[in-house]
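In the two complexes that follow, subunit A is the common piece, with subunit B as its partner first and subunit C second.
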Partner chain A sequence: MSELANHTKTARASDLIERNDVTVTNIAARRGARASLDELARATFGVSLPSTPKAVEAGGTLIVWAGPDQWLIIQKEETGRDHYSELAKTFNGLASVIDVTESRTIFRISQARPSPVLSRSMGIDFHDAAFKPGDVAITHVSHLGVIVWRLPDGTAYDFACARTYSRDFGDWLRKAKA
Partner chain B sequence: MRINCPHCGLRSNDEFSYLGDASVVRPDPAAPNATEAFYAFGYERANIAGPMQELWYHAAGCHAWLVVTRDTRNHEILDVKSAQEVALERQKAAGTAQ
Partner chain C sequence: MTQSAQTARLKDRGLIDRSQSLTFTFDGVPYNGYAGDTLASALLANGVRLVGRSFKYHRPRGILTSGSEEPNALVELRSGARREPNTKATITELYDGLEAKSQNRFPSLSLDLLAINGLVSPFLSAGFYYKTFMWPASFWEKIYEPMIRRAAGLGRAAQEHDPDSYDKAFAFCDVLVVGSGPAGLMAALTAARTGARVILVDESFAFGGRLLSDVRTVGGANGADWVNSVVAELKSFPGVQLMPRTTVFGAYDSGQFGAVERVADHVPVPAAGVPRQRLWRIVAKHTIIAQGALERPIVFGNNDRPGVMLASAVRTYINRFGVKPGETAVVFSNNDDGASTIADLVGAGIRVAALVDTRTVLQPATKSFARKHGIRIFEGAVVADAIGSSRVTGARIVAADGTSQNIACDLIAVSGGFNPSVQVSTHLGGRAQWQQELAAFVPGALPKGMAVSGSAKGTFGLASCLKEGAQAGEAAAVASGFQAKGAAVPAADDEPSDISAFWHVKTAKHKAFVDQQNDVTAADVALAEREGFRSVEHLKRYTTLGMATDQGKTSNVNGLAMLAQLTGKTIAATGATSARPPYTPVSLGALAGEHRGKHFKATRLTPSHDWAKERGAVFIETGMWLRAQYYPKPGENDWLTTVCREVNTVRNSVGVCDVSTLGKIEIHGTDAGKFLDRVYINMMSTLGVGKARYGMMLREDGIAMDDGTAARFADDRYFITTTTANAIKVLQHLELCRQWYWPDLDVQIFPVSDQWAQYSVAGPRARDLLAKIVDAPFDISNAAFPYMAVAELTVMGGVKARLYRLSFSGEMAYEIAVPARQGDRLMRTLMAKGEEFGIAPYGTEALGVMRIEKGHVAGPELNGTTTAADLGLGKMASTKKDFVGRVLSQRPGLTDPTRPRVVGFRPVDRSQRLRGGAHFIGKSDAAVAQNDQGYMTSVAYSPSLGHWIGLGLLANAESRMGEILRAYDPVRNGDVLVEVVPATFVDVEGARLRV
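Up next is the complex of A and B:
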């Protein structure tokens, strides 16, 4: 368990947490398979795969746009279930499906509105009117690549970065969110 | 300078990397003049003063290649398209199905 995960035990509601209870799967549509993939996704999740930078919630699964024809599927870990294998089986042939749980770290800041420091520190417009609940941006922070999304219910901001940089980035977030 | 990525919206140019002239197309290696054509493809570039089509890569964003029409005199961005879209249009225009 990481240093930050320990920190979360005593965290206040608005504090920064590292999400260790989810599996993250990257799916990328194969060439020409976008439409049939979406049909299958609707049958599986009940929602369309977003074609613009959006995150959609579907029965506990969060589908996050991760570039053209690519998505992150974020699911809460359940004992006895292998989310990745299920997705790989479902989308076999229509998408490449990769388990990125161990390569991404997701931080969550439970704030309904961005702190002024956070708003000013990234290149994207974090104003409440510009970055709405369900919005996604792929960008960088001090040269570290991140995908940031605001939860569809507007209660928090999630930041996914490469795990290698998670200590650095977590440290940055801890300072920026204050 | 900011570039309006068709996928991500307006972003600072520090998120992008530049490749160069987007108008050059890889020649047919089986053509009789292939050597000359590849020389031109590799080295010959017009030094345009005005709007030119350029390849930019949204490296720190959505990882899409873009064709940006930029005025080299004042950095005004006149148009941005996804490179995939441009390539498909070109293939269609050339009448080839690849």
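Up next is the complex of A and C:
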């Protein structure tokens, strides 16, 4: 059994961690509301919602493109705050908003460049010129669906996969990282 | 004897490392070789010529080639679980301790009793499968096929599990260069110098291609030294990846290539953590195919005898491996390769008895060289037959004037010209083109981003190859956005490469082989033509020419050229068969990678899995999920006891079941209701906020796809569930509907199966239990929260939750969902708070028993053949709206009133057990297929009723209540009389749901 045995505990192994201290909200633009949603997003976060596979950071909030007109809003958990409810309220009518914090497991590899082994283990070209800071890719690894992004500051790579696949993905990642 | 003489090893040449002596065995006999040898070169060095027996006739075979095109020298490598049949000795890198065995011989290689097949060969000619073993048809499976398989075939696969691991990997580059001969090396070097990301692949363990095998000068240095300097320079570029021991086996869309790297095939056992092989997917912006050309033999009598070898292979064994492939040679060619070969043979001190060339006039230089070394020249002549059986002892030469003479020799070096390796360049559909002046097929139209360079393109001179490679490398780099650096091409000469096409020696007296691996002879080709198999595709399938593991690399072109001669057509008009991936065989292990055993698929666990494990649950695999099947208590010795207790607990008090595996999907948007109306057969837009409704979806063809519930939390917010099995299929279906059928609707879909831990709490005390965990002020009373109500609330002091008053068991029941990470805690809390009610967890077995008792359909009934009406749900379908599957569900075949429908069954003798899968036949009818009236889909022992019950599909079901039928189960010898009854066995009025 991996340390993700009940897939709710933190996996901590050197620079590979499972990020359990964040809330993840999935927002999807309502039909025809993209422009107004973007305006509101700029007012709220100070940045535009990316239209291409990019991740942008604004005041500790990471906005990750997750498909056409869809984003993951990743925010640090704060006691007494309900990020999902705040976002649902803010974007009411312009976007569908759901809490997916527990739908996905996010792994982080804090490396400026992934190891050669990891690089060759995925169908993503991790070369610096090909996968730049802030780039996002939706792909699959070893039959498991995964969203990968490189933090906009270039300090780490995050891998988000469905929670019930995360034991297998975590095993794969540890092996690939080795 | 562990020291062997290596009597055929040359002292003064070869790129082997004589400081590293390696020991190996062949058929149990120990031999020595050197690092840098292949198994084939080491065998030859030790004078071993007889290496295997042929597929059909069990003829003695030796070593024909020095590469992956080898049809004869196939051996079993290693032993035990690592035994690998059909390994080509010609590319097997020698390692210390290598074990090889000859294959396809009985009882031994030198005495093979099955060689008698050669004597009965008139019965084994082309198409013998179709003629000899036609009648009686029933003999095929039981007698003919096993018999043929015993006699024919190659090698034995290992019986045990493969103990080694295999890996999959990806690589990306600007320029992929396949092949590291002169063209490939220049291409890689020129591209690398521009700063492009370059991958250079070669199937051998050493880079250099023919430069290692021929005596050539490049840029003033000898070929092998020049190769070393280029490889050293390539290694100095950070953007260059060198991949020896790697075969690019296929070209795929968008610049993707499949390659297999033999990571640890050259060691006895891979080091810890090292895979034996690695399957690569290489993604390249531009690709240069520089795989060179393969020499082809000429078809003459006994041309398969050990000692007949391709001329280029002869030079490889001499120059690269320092091995004498024979003592006295006859060289037989139709092109200038013969001249290079006699030069190298003489250089190595091997006597050359004759140069036999089909051309009438040879180059003066060749003639004077021959005269000088006492080599007899035969112009316009052929080697008609090899003499000797287990090894060549001579050649029967038919001179231009028709006279025939035998010349003693133990080596016949043969060259029929060169086939450019066009395979990979044609994988995406391009057709190779025949070029008469080269007597070769060259690449046709190439896929975007691909270039072919050097002899793979039909450019045979060394200087031309170097130049063409440099140009291709530069062009590819520039097209990838890099600046040309101007490539200096080293000086070299173009060797003469005149050829006059010649395929088949018609004066041969003995069997002449076209395809040596599949034992297809010239006579077979002629027979096929006579019998009307005159297209290359028919020739191939009728004779099996080119269908062996070598894919006809040494035989296809000869075969089709001979067919062209027989039909009087040109080769261009005859055409070639298509080469398809893989270029060389790829092991299944490499294709599977890590996906074997438990790693074949992911294992999905529910959030309270650990709790269930602690509790001693027995788990069952349902798709990728592990679900608790039942929870035995100490002292319960069989599953039925446990399941009955679990059912009784639910029916009498309260039970809890983990239903987290259900598919869960959020459907949002102002048109969410309208959208659901179109995907469900029943109306969902009219569902009130705070309510749930059972629903069914159809496939486009009108067959039931899935069932589940839809709950409405707000005007624009629905939440639906699917069955565990169909969770992904339904999501895909909904996304198809949303994105393609009705993009005009304002609908957003989110899969949230993993977000929620969900539990069914069922039984008369369910409400009492839940009342203890819901947070105030939530009112869980029947009046405030009736059957089919849903709500968002908090439980256990602030945990977000959703409550659904739904029942699958037929009892008063709820489903409660909390965020996944709270699932374990919720389960433990429910168990603790339910103790006073005698709560029991129940698994999928009890769940199944209770749904059968209630006549609820599930997987066995929703089986892809049933309609809503078949399932007794026809009345649910709305007539006021359109929905997916509506039109086709009205087809006559699907509305036929006599279609089998779901109905209940019970044994007439209540003590008898029912079996799923039993077929219904009339009480006094014979048990034959014509009398089949339907079958039992689900059965259970009902603790509530004290006997077995079943659901099944029966023709004309409604009108047959009370009828007695046979439930006939030949698989388990079951033959039980059953009574047709309504499908609901317990609480028929459904009163318990609403209390």
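Quick notes
By our rule, the second predicted complex is superposed on the first by the 165 of 178 C-alpha atoms of A that agree within 3 Å, B and C clash if a C-alpha of one lies under 4 Å from a C-alpha of the other, contacts with A are read in each partner's own complex, and residues count from 1 in each chain.
Quick note on the criterion: a contact is a pair of C-beta atoms (placed from the backbone, for glycine too) under 8 Å apart; a residue touches a chain by one contact, two chains touch by 3 or more.
Fair warning: this is a prediction, and the values are worked out from it, not measured in the lab.
Once chain A of one complex is fitted onto chain A of the other, the partner contacts of A:G67 are limited to subunit B, with no touch recorded for subunit C. Contacts of A:H140 after superposition on the shared chain: subunit B is touched, whereas subunit C is not.
Of the two partner chains placed by the overlay, only subunit B lies in contact with A:P53; subunit C stays clear of it. When the shared chain is aligned, no partner comes close enough to touch A:T155: not subunit B, not subunit C. Looking at the superposed arrangement, the partner reaching more residues of subunit A, out of subunit B and subunit C, is C.
In the superposition on chain A, A:T101 makes contact with subunit C only, while subunit B stays out of contact range.
Contacts of A:G123 after superposition: both subunit B and subunit C are touched. For the contact definition in use here, the residues of subunit A common to its subunit B contact set and its subunit C contact set are 123-124. Partner subunit C is touched in their complex by these residues of subunit A: 5-8, 26, 28, 30-32, 70, 96, 98-104, 120-125, 127, 130, 142-144, 162-165, 167-169, 172. Subunit B meets subunit A in the complex at residues 7-9, 11-12, 14-15, 60-64, 82, 84. Here subunit C touches subunit A in the complex through residues 168-172, 197, 281, 283, 594-595, 599, 601-607, 609-610, 666, 668-671, 716-717, 744-748, 750-756, 819-821, 824, going by the rule given at the top.
Looking at the complex, you find that subunit A touches subunit B at residues 52-53, 67-68, 123-124, 137-140, 145.
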